[in-house]
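Take a look at the structures below.
You will see two complexes here that share subunit A, one where it goes with subunit B and one where it goes with subunit C.
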Partner chain A sequence: MLLDILKILLFPGFAFLAAYAFLLEYVDRKAYARMQNRVGPPWYQPLADFFKLLGKKVIIPRNAGKRTFAALPVVSLAAVATAYVSVPVWGRAAIVGYEGDLVVVLYLLSIPTICLFLAGFSSHDVYTIMGAFRTLTQMFAYEVPLFIAFLSPAVLAGTWSITGILAFYADRPLLALVNLPAFFIALLSAQSKLERAPFDAPEAETEIVGGALVEYSGRYLAFMHASAMCELAVVTSAIAALFLPVLTGFAAADFALYLIKTLALLLLLTLLRASVARIRMDQMLNFCWMVMTPMAIIQIVVNLFLRGGLGL
Partner chain B sequence: MGLVDKAIAWGGRNSPWIIHFNAGACNGCDIEVVDALTPRFDLERLGILQQGSPRHADVLVVTGAVTLQTRERLKEIYDQMSTPKFVVAVGTCACSGGIFDGCYCVTGGVDAVIPVDAYIPGCAVRPEAIIHAVDALLKAKLPKAAGRLKKDKKAKPDRKEDAAHDGAGNDQ
Partner chain C sequence: MSERDGKFVLPIGPQHPSLKEPCSFKITLDGEVVEKAVVEIGYNHRGLEKACESRTFVQDLYIIERVCGICSHAHTSAFCRCVEEMCGLLVPRRAEYIRGIVGELERLHSHLLWLGVAAHEIGFDTLFMYTWRDRERVLDMLAAIGGNRINYGVNTFGGVRRDLEPELIAEIGRVMDALEEKLKYYFELALVEPALIGRLSGIGILRPEDVRRFSAVGPVARAAGIMDDTRIIEPYGVFREIAVNGVTDDHCDVYGRTIVRVKEMLESVRLIRVMLRELPDGPISVKAPRRVPAGEILIRVEAPRGEDIHYVRSTGGDMPDRVRVRAPTEANWHGMSYMLEGFHLADVPIIIAAIDPCYSCTDRAVRLTDAGGSSLHAWEELRRLGIERYQSLGIDPSGIRLREFPRG
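And then the complex of A and B:
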């Protein structure tokens, strides 16, 4: 019992998630800079940003809903941290794995997006409301392909727990290749969930200044940033567990593999961010509904037939 | 200074986010500010990022002599920033009004409207000068500023002023 609590709080739980999110942010920004032929920030940059924001004065706009404004960063961070507990990091099994945790993780991961929308909406500012509406519109577009893409490996594996899916594909690595289209759909949906280019219209700093977080300052902004980076860590971890089922059988080696997998996924997402321009909201909606969703549906139908055909 | 204050001051020194405001410049200095942000100079090495929102920024980089049109807006943007905050006047016009000083539509340098922490003369300034100024400013001013914020918390002297401007920008 005590050991479980320690696991959840320290390793591989919340404390590790925070540290790893800082590392991922550094790798993301450094790789992004190198891809643009720049030197990039030093390794302690995310930490320095965080500390600086903690020391700055918090300004709550007069028109904003004060309690909502202050509670949203915490709720957002808490939801992301809770989702991380069900993702396998150390060894084969997650700290808290149960049948159906995949759906719980997916829903917990949509809470930060809703928090972002509410943050923009409660700030009562032209730019934040614009950003909030875009966040919500984008969410309705990517959430469907994201869910279907995450659920198709589960359909083939016949279990709805991330730990179970990982174990299923670790025993049958060739079957994981079937999910390749779903993997790319999941990556693209993750990119739009995290509001990174080309799907960064909701925060478009060049047209709507920074979207939903324009009015946030000080430690609230720090926690909003932290929750976005933790979300990146959790999403890449979940994709690694569902689509890259390479396991050795040794817990420490599996952990090293986990780090390699998540960093590789992050570099893919960074490469995408560095190489494309921002697309408009209508283009984004069209892409999600006309390309990604049909592909995801085909994937899940193929998986259903495959499951029947293989007699699993 | 406790450990927390030290960490916060260290963070502030290593992560100055800037916001760029043109108070009536001829665009010469603006181009140099943008130049300083390009890959050639790469300000992110020093942790400097350009922000769109004044609420996120630590350093207000102002170019040009302050015209009557921009005076109120400059003040409003300064008030919207959260403390500790700094102002850098970029270019001769921002420092003193330059050749526009005394013009019928010009208030003067930036320090005629808001307090300025660093002056960078030049027409137009070089990007190296901007980088050096922002860096030197933070190294010199930040420990003091962290102490100042702490005092603010106790006495809350600028509470009223902030309250008056916290809703600024929401009236559209």
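And then the complex of A and C:
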């Protein structure tokens, strides 16, 4: 019991998530800079940014809801951290794995987006409200393909636990290839969930100055950023567990593989971010509903038939 | 910042990340669609035309150089040609060639800057970084020629102040080779990259009849198929000897303006090569008189942003009686509201950027004589109004003592 709590709090739980999120942000920013022919930040830059913001003065807009304004960063970060304990990191089992944790993780990952919407809406500023509505509109567009893409491997594996899905595909690695379309849909939806280019219209600085977080400052802004970074870590970890089931059987080696897989996924997302322009909201909606959702539905239908055909 | 009939009025500016200089756009939004756009310019009035009238022609040259932070050479070229025509000076051929080379280098750096800004406006920061990296090479060449990256100070009345050494000519040639390769890559990128085409095409439409109605100039007009390149329709200087291949496009939108600018850069590279190859020997300037004969003149020069018009009137002294600078942006502002309305909020920054606006080059004080009531104030009246305004905000600045300035 005590060991479990230590696991959740330290490794591979919250403390590790925070450290790893900082590392991922560094890799993301450095790789992005190198792709743009820039030098990029030193390794401690994300940490320095975080601590600098912690020491800055907090200004809460006069007509914003003070409690909501202050609570949102905490709620957002808590939801992301809770999702992380159900994702396998050390070895092939998550710290807290149970039947149905996949759905719980997906719902927990929606909370930061809703927090972002509420943050923008409660700030009562024209730019934050535009950003908030864009965040919400975008969420309705990508959430469907994201859910279907994440559930496709679960349907084939016949279990709704991330640990169970990983174990299923680790025993039958070739079957994971079936989920390749769902893998790409999951990557693209993850990119829009994290509001990174080309799906960064909700925080487009050249149009709405930065979107929902314009009025945030000081430690609240630091924690909003931290929760976005942690979300990146959790989403890449979940995609790695669901779609890249390469395991060795040795816990430490699996952990090394986990690091390699998540870093590779992050670099893919960074490459995407560096090589495209921001698309408009209407283009984004069209893309999600006309391309990604039908593809995801085809994938889940194929997986259903395959499950029946293979007699699993 | 207000909400009327369920419609947002979103202010873009005077301070906004997508604007490089202060300017205000009041965007009335119906959802994401721009219903009405009001352009308010006038935050950058510097009174430089008036400043020119109280200084000598030679001093004015350095004011004119600072009209624009990008196309400084185009403005001095126009102003020098005004003075040279009035004095009847014959500029040496070598000087005309050097002016042409610097002018085309300036067009390259201006268009590369624009491409980067445009890419940033649509969230494509990688292209922004790439084009600005390449622009550095051009700026290095300009610095090597004139000693400065932006205000090179190459032009003077009767010729140029700096000569091109053979090593520099070879170096410019090498830079052109490297740049041409990059430009061709950007051109292909603009033709095939779907997100880029999706963001640029079909927005900010200005058809040929609208171009005439709003008297748009430069790449905005050329993207609608109207050839208004002064270097072609009214060749001056070196362009009387070296023909320019005009670039037009028929997309009529932001995409067309992008294509026109990238093609113009390739044409500039070709022109620089030809001019470097055929650079004649001889002097680089003739002596200009201090006093300019009485008369008036209007000169057109093709700046990177379009047609730049300078008007100079002299009464025979060493100071001009009147200087009028019509920067190309001034002609392009008129169609701006029309271009913005009906498109998405996301398109607003790129549509504004697509005319390559140069705010401070444009702002002039205008006195409306028949608009009912003068809006011109004397200094004391302006001060009184300012104090009243601040008193209404609860601040009382009336106790502040001002030093008296002598005013003519």
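Simple rule for what comes next: the second predicted complex is superposed on the first by the 312 of 312 C-alpha atoms of A that agree within 3 Å, B and C clash if a C-alpha of one lies under 4 Å from a C-alpha of the other, contacts with A are read in each partner's own complex, and residues count from 1 in each chain.
Operating definition for what follows: a residue touches a chain if its C-beta (ideal position, glycine included) is under 8 Å from a C-beta of that chain, and two chains touch if they have at least 3 such contacts.
What you are looking at is a predicted structure, and each value in this text was computed from that prediction instead of being measured.
Peer 1: With the two structures laid over each other on chain A, which partner does A:Glu205 touch: subunit B (first), subunit C (second), both, or neither?
Peer 2: both
Peer 1: Going by the touch definition up top, name the partner, subunit B or subunit C, that contacts more of subunit A.
Peer 2: Tallying touched residues of subunit A, the top partner is B.
Peer 1: Name the contact category of A:Gln283: first (subunit B only), second (subunit C only), both, or neither.
Peer 2: So A:Gln283 only meets subunit C here.
Peer 1: Please indicate which partner A:Val58 is in contact with in the superposed arrangement: first for subunit B, second for subunit C, both, or neither.
Peer 2: Once the two structures are laid over each other on A, A:Val58 reaches subunit B alone.
Peer 1: Who does A:Asp49 touch here: subunit B (first), subunit C (second), both, or neither?
Peer 2: First partner only, subunit B.
Peer 1: Please work out whether A:Ala197 is in contact with subunit B alone, subunit C alone, both, or neither, and reply first, second, both or neither.
Peer 2: Touch status of A:Ala197: second partner only.
Peer 1: For A:Ala256 in the superposed arrangement: first (subunit B), second (subunit C), both or neither?
Peer 2: Neither partner.
Peer 1: Is A:Leu310 contacted by the first partner subunit B, the second partner subunit C, both or neither?
Peer 2: Neither: A:Leu310 stays clear of subunit B and subunit C.
Peer 1: Per the contact definition in the header, classify A:Gln36: touching subunit B only (first), subunit C only (second), both, or neither.
Peer 2: Both partners, subunit B and subunit C.
Peer 1: For A:Gly218 in the superposed arrangement: first (subunit B), second (subunit C), both or neither?
Peer 2: first
Peer 1: Following superposition on chain A, which residues of subunit A contact subunit B and also contact subunit C?
Peer 2: Looking at subunit A, the two contact sets intersect at 36-38, 126-127, 205-206, 209-210.
Peer 1: If you look only at subunit B, which of its residues touch subunit A in the complex?
Peer 2: 5, 7-15, 39, 42, 44-45, 47, 51-53, 55-56, 58, 80, 82-84, 146, 149, 152, 162-163, 166-167, 169-170, 172
Peer 1: Can you list the residues on subunit A that touch subunit B in the complex?
Peer 2: Residue positions touching the partner: 29, 33, 36-42, 44-45, 47-63, 124-127, 205-206, 209-210, 213-218, 221.
Peer 1: Considering the complex alone, what residue numbers of subunit A touch subunit C?
Peer 2: 35-38, 126-127, 129-130, 197-198, 200-201, 204-210, 274-283
Peer 1: Show me the residue ranges of subunit C that touch subunit A in the complex, using the header's touch definition.
Peer 2: Against subunit A, subunit C makes touches at 1, 8-11, 16-18, 32, 119-127, 129-130, 133, 193, 195-196, 198-199, 344-349.
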